[in-house]
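A, B, C and D are the chain letters, set down in written order, and residue numbers restart from 1 in every chain.
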């Protein structure tokens, strides 16, 4: 099988998420890294792309140049990843979709709900893939939980509790740290701080595992560090379309939590707990039985969990390979028309709409608001 | 030192909390079990009391008889524990206080805020001890956290997250189980189900460790099992007098959690996490350092933590000895006038007021309400 | 039921194990603390005993005085606990047995195998109880494991792995610390350091859970801190009477382990793991199933596990109540002739013989030796 | 930078370790997969290689064909991985080294000590790389431990305890299972079962972290399942060149352990514990301090640990990326002459010699034997 051609925008040298995408796309030999506009600085971007083995004429200075260059080629890229800062996702993603490229966009897909709806429309019209990198949804054991919920093994889901809290912005003098400050400044970050950055992952994860969508919510936001305008600690209560009760806490000042993304799902006949720091296990409690430890790679897991695991039971697989699983799913659709197991523009829109709804609710002391994007009401 | 004389009302054969009190009072040789009205059934109560070594004439049939009997004696009991079901706490506690007895009352202290205020008034007028059995506050490592917060080791506290969630009422057919059903029936349980039963412990624990009080709150209640009127899953957001953000989740349908009482405290310069299933450790994260595991019994702990630990480091001490620590503190005051390190009627009132405030808030879709009892506003 | 009368030798003020015995004997209201010779210093012993509520004429200055005093009384003690340093266990235990008292002796029961055999003979001749405080065997979940092995739920046991390793003697300058130094000095500690102090607990625990005895062994001893003569780190391989393979590691220099007593049992159809720092859980793996977490207090446990647990599931019970369970078992025999569920002189002898066998093997570079006391060969 | 050309022998479709090598070599874009003789069945190997994108004329039927084919090319492969079953490692590795290729050989490098010494000689003469895939040594936090030991942060190392025990061969009827049976049959597996398969990893890991070598050892082997000739449970006590005490337990019948590779290192001033199931954390105990949790990706780690980590703190990285780190180190030497941070033929020889020494010792009931290969005595 020949490799698919892959390009990337953003993810330059020293970027946080760039390496995970490069590894994700190449790990399984499914994509070759063919083109890139990797940096806000065109010179640095070109040089870095070439250092990574990209041909000189496909090491572009900016995304417009890349769009033009790739459109002009017969061997144009099969997929482009957009890993720039949040406020450029919309225009880049839109432009590439309209030009007939398949896109994997980083989260949050857009800054506003209106933009999100626009991307959904454009993606539908284009007939191309518009995926969003909610990569936690691609861990084998997350797929396993989804499969079990879908099969009814837990009965109706009563409550879901999702957290994504860390302590990496707890230092008070981070108010002066430029890498942190912009995140709590509406001029740069938009309407939301931590909800849009991390809470959104937890929102998607809950919806993904449940196969259900957030319908309405009530939020309590706090800015616990002096000088911050946007929230660094937020709690959202929600109800899903099917009536599940949701609780979501997200924070950046939670000293003691490193990468505190975890989720608990409670159904009529069973419950489970998964945490991203040990992503290969699920604690599963069937009503009337003991708590059991489910292991990635064990016999009898769902097809989805088995398909996305590469090594034997209890050989840990981590975050970069979860990202790689998004690429595995993209390649499956591109190569053989497999269904979209990856998160799509619709998912990107829904979770962004819920973030905006949280902002609106928090601004009115927790009034319950519709969490759905207007186009899905 | 001669032992103090101790009596008990409720806690009969087969009761849940009775054994913990008997062990708690006697474990350290501080109290002798001298009198009791242990059962709703007078005959069973008298027989059981005698089987436990209580003299025949102090094995009473009911609390009125016990009150009269003990009042008439020179060697009357020094302390009475009220461990009957919730709806009798008020009248029994009030009667014994008024008659000049020291009382340890089980939680919740009363059914209503008005009753709670009455107990506070009566206790103050009596000059006697009115303690409430928030026993988790007496674990050595909980005292350690309180001491560290008080000493400012974590700086100002930004956020506290407390959970008390279990899955022991998850079975749908519990609707028919009499031991469970009454808890969700307003006629028997009052205004609240799980908040009044378990959430109240978490409320007290948060206040206790912080040395701060809940001022206002917003609640989201759910009855996730068909047929239940009162809440079996609740989330409360709150703010304390000093402005700390609070998050409290409590549930009885959380399959996978056995005794899910845990608390996380996040301050400016440090955070920690404690869980009741492994009460001898605290995970402590100082800003800029690694997470450390603090151990009950280690060198350098606070006086309070050291005083209430009986065996060496990493020799676990559990729930019954936390209850015993309440008795240690009571004996310290009774024997030598030590300050009240135990929870008092004021604490019992405050937490009950916060439960009622939660009920009121939840009934109005989460409107923020004053959580304080009127007498403390 | 009237309380049994209990006395204690050793366990004076500031002693390590004294508090656990006092709590153990009194926690359940089964014994009243009636007599004691608590300290090497007669004056201190008398004063301390009285401060604990013992009558003046039963607050003895030494054990000989106590033996004489108690023999002369009609209401003599029903049980005496010997909690003095190791080298006095033999003579005190022997004297009290011969005088017709029931004895609970601390471990190690004696310093030599010969003395151990003598105690067994004396105990048998006396018809009195001679118990040994292998208290870990009285944890509910340890009893649960024993019951499951006995019932054949794990099939034939292939391998048992027991560790009792801590790091509390890791400081190199402990060579000068009197509280540590004597432990590695043959003149004071006898033939063995850590094996006789902690390894012996692990030896007993393995035999107890398996219902099987160590038959032969091979040992590797090391003194890893300069200046120590006796071992501070030891490994023993053994075989039981029924052919189970045993592995036992014990150390005092294992920095990072606090109270590292744990045991793993592997049978044909299942395996489990228990650790003393979280004594309320057992990780249980049935062949072909997932690992399950067994919880103290869960429904369906063995009678032994249920009988020795005082509070509900996931309410932790710790070390002092394991000691209390030894007293529960002693009271059961004393009050109503229940069988000896507690460890006896035979167990004390067997484990001490295995320690001596380890010393002999280690001295000859690991040659396999018979681990049984001569009288049981 | 142009990619290095990489080839593989063994690791065909359905093989256990093949996928980890392909991911390892390609994940970071350092190697292109250029040639392969992937299967014992030439037709299947050729087809599978082409399905993975290898050109038809480099999809070889067997290793001899591949050796000839690659030798004849100008763009011959820069590195070949040997991932066939154990008994062919020697001849393939030797042939490729002699022909001037760089080799990464799976463990165990050879079946006998003599073969191992031959490989060392051939590798030295060739001037080419002969690496061995002790991939656990390439986890960032394993490198961190090694760096800390080398820097003396733990002082002299007193004791090391390494385990590699699992329960995946616990089923008694595995005696009939061909995928398991051969492992305990000397005709197919050679002199050792579990020691040569898994114990050898633990041996290497201990030596690697300590920067020290096993000098002498004493072993106790058991075949706990009826019908097995070779050991399925082994304990090895050892001493290193610098006098560290070693304890190594390995088993295949340890139900409850999934991938039970863990290591504890105890020095004069600190100790730590690492387990392969959560490879991103080290529990570190400095003398006189609390236990701390070190996290992959935290600030201040050693260069080696930082260099081999791809994503931020607490984003887990697992087994396949540990294998990838071996390739990172190989590429660093191939591309720019970096020193050999990967395990070499010398390491492969030493650990194999220690396995053979264990066999010899166990055969003589644990007599202590020299563990070093003759050429290193």
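Basically, a residue touches a chain if its C-beta (ideal position, glycine included) is under 8 Å from a C-beta of that chain, and two chains touch if they have at least 3 such contacts.
Fair warning: this is a prediction, and the values are worked out from it, not measured in the lab.
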item: Contact-richer chain pair (by C-beta pairs counted) among A-D and B-D; value: A-D
item: Chain A and chain B, separation of their C-alpha mean positions in angstrom; value: 42
item: Distance from chain D to chain A - Cα centre to Cα centre, in angstrom; value: 35
item: Rounded Å distance, chain B centre to chain D centre (Cα mean); value: 55
item: Overlap residues in chain B, where contacts from two or more other chains coincide; value: 258, 284, 291, 295
item: Overall pattern in which the protein chains touch one another (line/ring/star/complete/other); value: complete
item: Residues of chain D touching chain A in the complex; value: 1-3, 16, 19-20, 22-23, 26-29, 33, 51-53, 166, 168, 258-259, 276-280, 295, 310-321
item: Residues of chain A defined as touching chain C within the complex; value: 284, 289-295, 298
item: Residue numbers on chain D that touch chain C, as the complex places them; value: 158-159, 161, 167, 170-172, 218, 220, 222, 224-225, 233, 235, 237, 245, 247, 249, 251, 253-258, 264, 266-268, 270-273, 283-288, 291, 365-368
